[in-house]
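Written out below as structure tokens is the structure these notes cover.
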Amino acid sequence: MQVSLDPSNPRPVPADVAPVLHLDGITKTFPGVKALSEVSLSLYPGQVTALVGENGAGKSTIVKTLTGILQPNAGTITLDGQAVVFPTAQHATDAGITAIHQETVLFDELSVAENIFIGHQPRTRFGLIDWAAMRARAREILDRIDADLDPDMPLHELGIASKHLVAIARALSVDARVVIMDEPTAALSHKEIEELYELVERLKSEGRAILFISHKFDEIFRIADRYTVFRDGQHVGEGLIAEIDEGELVRLMVGRSVDQIFPPRDHRVGDEVLAVSGYSHPTEFQDISFTLRKGEILGFYGLVGAGRSEVMQALFGVTKPSGGEIRIDGTAHQVRSPSDAIDAGIVYVPEERGRQGAVIGLPIFQNVTLPSLAQTSRRGFLKLSEEFALTREYTERLDLRAASLDQDVGNLSGGNQQKVVIAKWLATKPRVIILDEPTKGIDIGSKAAVHAFMAELAAQGLAVIMVSSEIPEVLGMSDRVIVMREGLIAAELTGDELTPETLVRHAAGIGA
Amino acid sequence: QDTVRIALVVKALGIGFFEAAAKGAEEAAEELGNVEIIYTGPTDTTAEGQIEVINSLIAQQVDAIAVSANDTDALVPVLKKAMDRGITVISWDSGVAPEGRQLHLNPSSNALIGNMIIKLAADELPDGGKVALLSATTTSTNQNTWIEEMNKVMGDYPGIEVVATVYGDDLADKSYREATGLMQTYPDLDAIIAPTSVGIVAAARAVEDAGKVGEVNVTGLGLPSEMAGAIESGASKSFAIWNPIDLGYSAAYLAYELATGDAEAGPGAEIPMGRMGTLTLDDNGEGAMADPFVYDASNIEEFKSIF
Amino acid sequence: MTDAASPRHVPDRLQSPAARLLKSWEVLLLAVAVAIFIANSLASPYFLNAWNLSDATFNFTEKAMIAFAMALLIISGEIDLSVASIIALASTAMGAAVQMGAGTPELVAIGLLTGLLCGAFNGVLVTGLGLPSIVVTIGTMSLFRGISYIVLGDQAYRGYPSGFSYFGQGYVWWVISFEFVLFAVLAVIYGVLLHKTNFGRMVYAIGNNATGAAFSGIKVARVKFILFLLTGLMSGIAAICLTARLGSTRPSIAFGWELEVVTMVVLGGVSILGGSGTIPGVVIAAFVMGLVTFGLGLLNVPGIVMSIFIGLLLIGVIALPRLWQKWRP
Amino acid sequence: MTAFLKSREAILLGAIAVLLVLIASRFPAFVEPSNLARVFTDTSPLIILALGQTVVILTRCIDLSVAANLALTGMVCAMLNAAMPGVPLAAILLLAVAMGAVMGAINGVMVWKLSIPPIVVTLGTMTIYRGLIFVISDGAWVNAHEMSPAFTGFPRFDILGLPVLAWIAILVTALFFVMIARTPLGRAFYAVGGNPGAAVYTGIDVGRTQFMAFVISGALAGLTGYLWVARYSVAYVDIAGGFELEVVAACVIGGISIAGGAGTILGTLLGALFLGIVKNALPVVNISPFWQMAISGTAIIVAVAFNARSSRSKGRIILKSAEGHA
């Protein structure tokens, strides 16, 4: 199988269908970033086009240009052979283009029905919102996607997966010719993902054109008819899925082949460092007990909402547990706040990097020294030279790419922000480091670097807990895996038990 | 001789009463020839605002400051400083504690005013009745002095009972609400006495709105221009005020006399004030200008366009 | 540690601190202050006079003392609108103590303590119960001054001991007043606290991202509580100075000051959204406001017209850089 | 219905009922319909302004300039009437609304186009608008006798036992109920305040919606400016000084979240009525008016603590001191 890297020589398009939507020469720049550079994209009725590319390749940006949220600097959008412009999201909706965006586009204080219809509510003759019609139509759409939700329920009473269903219902509330899905399965459970695939099939059969963005190769190969690849804001290839294989697609995405994703590990582990027993929380989790050894990587797997993050945040003192005990090296520690945890030697690299991890607005060095100020200061007075020295020590170990150490972390790419957060914790010389979804939203290239680094930390004797929802990552990195389901430990797996099948079975509660 | 610069500092700019006083001061300046009047004051009735204004007057090295004070005591330090720098300081209308000024010019004597406000109410109530007081800002001195003086002479008006004293803060809306509240609380109220020009107008308006014209008589101290409507509607039968033009005139005249060294303030001193005669100071360094003047339907037309 | 293996060298700084300073808000503001100073000396012959300038400082010293603490509070993402009411309550407490025969040391202690208590009350409501500070302090603004009204009504407390007046009327040397010295000392203390200590660093971290700061082990609630305490304490100090300057207490004392203090802080370049701002900026803003009011006062411009200038200045200095950014090619 | 019984509005309604019973026990005349009508009339300006403020706060903004806007518009109307008594009332009403809307639009444009924080914008315009009154009037008052009878009579003109002022408050409230529940703009206020980032994706222009909120708030402040001046038959620089905080207080007591996106029109109405009843009851039940300030301060604190408590249970993150106001 051969794929041309020359975009001027695209694969032949099936002769019988003409694209319903065609973008050409789209360029979009942000201050300092050229997010898209003369890219093209075509969508065909009754076909699914997968858009693939590394993080920051510009996938979401093209979705936003296509839906009127961003205005391109140059380029044309052709809909049914007519040139169109979308000054606002409303115009795109009116033209029959609808999207499930990567960000949650929902409103907690509004009801399910309103969330589905906000921006294009059904109206009465007098131009007022017709609530009865809105409820009825919401009901209809929810039924279509098998979502058993009350249209009048306020959104904040729903779980995270149900919210996602509302987002999907919202996209379907417009009778659209073009449906865009930007990483729609990222927050869904196994069952809901299957239902989504069915929905995609149905939309296809109704003749709608679908743009499907995903980082998950299995699903791309399962549902897509065509692919388009972006790399660093440029169009680098497109064609029929039938004519390409996974390795080839990865090579297109990253511009090189990624042969080995997981670093080799020496699985020898040392003495027990951490022992957690009977940790409980009134609503989130119960009776969590496990141990962790020096040099070990302990994986935590579970479906979204299983309560893994909550357990980790409780260990780190962010959330208050209702009972249980933590021992470090055999000594009991009361962890009531993050500073207690840090003192005890437990640190936490959170899942939500921008909100919980990095302090955006502060320079890199101030982020790194934030928990170590006592160490870099004299009697409470700052010593900048020591702060820079400490920062340099750890950021160099992590190979941080930045213009300067007094640059705002907000200007760094996601992977480098993650390095700053990890450097911050290493500077406190922890015993246990918890990484919550450490590669979430990080592209394949940086992922490998994070994995290598995690292996190195373990090799240096740190005890590592890794929370991850990606089965390959869990299997590839962990010495041992704890599977959580609905706030409880469902299983603890080692050695031969570590197969994708056992993980999924325990996580979903399907009898083993 | 150089121009004598006299600053007329009022409680707050924009109050009709003080605008009229400024007119009087200008009249005195014209009469005296080499006088420049600086009419100034804060924009709300606070002591801090007056202090800032007085500080800038000290900086300008004016020759005299004549102030109607928002606070008896709070102005003392800054006025002392002014006197230390050789500036003549007098207070008028609303006084400053004796150590903060050379003399104080009362528009009338407090005793006369105190008697006048209750007499105006009592004259309309030959068989006695219930009256209530609607006072002004909680931080101004003169209303409280007058009410005190009024209480001293209550014995002279047997059938009259004062049922309540409320404060309208010299705000139109608050005074209005307080007056309405009074009529609610005391359905058989006969009169509201408001010894403040803001309060009396608001009270008259409240009586009109409550449909109690003829039942409740509003009286006290007010300006003819503002009260003309109330006299016409009958909400107020009569009210009193001294002439603010005369007051401003006298204040400017006194300040001039002291600033030029033509007169000396002290107990018993007699200081000329042009067409208003002379001011005789008591032991507190205070003097009274004249009797309050009563306005009613018979003379309101004549005065309403003047002040 | 020399790490030759490091593939990439990241410099500490791209810009020297001096270069950064030159482009800063403070320099812009300083230029405004100098311009106003020159304009004033041209407009009025009385302006350039040591005593007059000394008198002018009273227009802002007390407010600026509160503004220092308020700056930290606003940088941390909170606000305290009750400061003027704390002055009223502290002054009332001191006045009541005078009636019971308290001397100057007791009065000072009572003033400071009342300020601290009010600050603690705000702090508990905001950090303990997790309520939004803007609403809480609108509430306590009414409550604190309301208590003064209940206690004093239309009365006034006076009769402060003569030694007490030094705090508001005393001069340390020639034209240098006690208040001005206190203002300068507090400016230095707050400057050091914010810019040179761990505590100051935490304040910035919290203001930029309170959640991230908490996840870095900073005791966010405790830091914010201390900031409310400091703001209360500064209001107590301002209450002592103002009461000593006025020599009397009425419940309407310092009415409306909270907005002037906030204006001073914002004019000083502190982001109302938190996370950025400096004490030197606030100091310059205090001088700018003092110079504008004093200069216009010399021309006998009414205070309310001055406030138009302050309002225009406030919006202008924030809008102009944004307009410039917007319209430049 | 049961949901309503548990809502903030029901609790506030209960609090008002308890308050009225307490007052009635000392002073029965207070709860006579005629007096309640009078209290409502007296509270009308607060209700109108608080409704305007509600939409502003819903969009995560705040408008501190309403009272200054009211006073400036009121002064212009009064001066116009004094100078040209012949100008018809309809024209004056139109002028008041338009002028207020323009001042609101000035706030809105700075928030929308320059992204200056609303509190800074309105703090600035508050002093500017207030100062302009002094500039145009030279500090002079406009008094009752300078105003025409039609001008001062309109707000107090009686229709079916209620003055026009009260009817206007009722009308504005009714319009707000319709606007908030039944128009896309009304829903957009919630969307913009609840999740501004997401609002963009639904085709709602966040800045423009905030601008509209300011225009509405300004227009109502302008309308109230005329009504206020006509009702009290006087216009001067300081009218309604500090009223902006009372307006914000009414919203907060009514359960409008200062963080935006949450709250109801009914809540605001009840919040304003609560303050109005307290204010009118104090002189009647013989509590010194000096207590009023402390009481409304306490009411604000209790209300906000209560609102926070009732919405707390939803949050899953327990480190609330960091999360609550990040």
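Each chain gets a letter, A, B, C and D, in the order it is written, and its residues are counted from 1.
Everything below uses one rule, namely that contacts are C-beta pairs under 8 Å (C-beta built on N, C-alpha and C of every residue); 3 or more make two chains touch, one makes a residue touch a chain.
Every value quoted in this text rests on a predicted model; they were computed, and no experiment measured them.
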Inquiry  = Spelling it out: a chain qualifies if it touches subunit C and also touches subunit D; which chains qualify?
reply    = A, B
Task = With chain centres taken as the means of their Cα atoms, state the distance from subunit A to subunit D in Å.
result = 44
Request  = Please work out the Cα centroid separation of subunit A and subunit B, and write it as a whole number of Å.
outcome  = 74
Remark   = So, in whole Å, the Cα centroid of subunit B is separated from that of subunit C by 37
Message = Which positions in subunit A are in touch with at least two other chains?
response = 318, 355
Request  = Hunt down the residues of subunit B that sit against at least two other chains at once, touch-wise.
outcome  = 13, 43-44, 138, 167
Request  = Would you pick out the residues of subunit D that each touch at least 2 other chains?
outcome  = 134, 139, 237, 290, 319, 326
Task = By the touch definition up top, name every chain pair that qualifies.
result = A-C, A-D, B-C, B-D, C-D
List of subunit D residues in touch with subunit B within their complex = 27, 29-30, 35, 38, 42, 134, 137-141, 143-145, 156, 228, 232-234, 236-241, 279-280, 282-284, 286, 289-290
Note = Residue set of subunit C touching subunit A in the complex reads 1, 3, 6-8, 10-14, 196-202, 204-205, 207-209, 211-219, 275-276
Request  = Over in the complex, which subunit A residues touch subunit D? Could you list them?
outcome  = 67-69, 88-93, 101, 103-110, 114, 118-121, 127-129, 131, 156-157, 283-284, 310, 318-320, 355
Query = subunit B touches which residues of subunit C in the complex?
reply = 44, 46-47, 49, 51-52, 55-56, 58-59, 149, 153-154, 156, 158, 165, 168-169, 242, 245-248, 250-255, 293-294, 297-298, 300, 302-304
Task = Spell out the residues on subunit B that touch subunit C in their complex, using ranges where they run on.
result = 13, 38, 40-44, 46-49, 51-53, 55-56, 58-61, 71-74, 76-77, 85, 135, 138-139, 144, 167
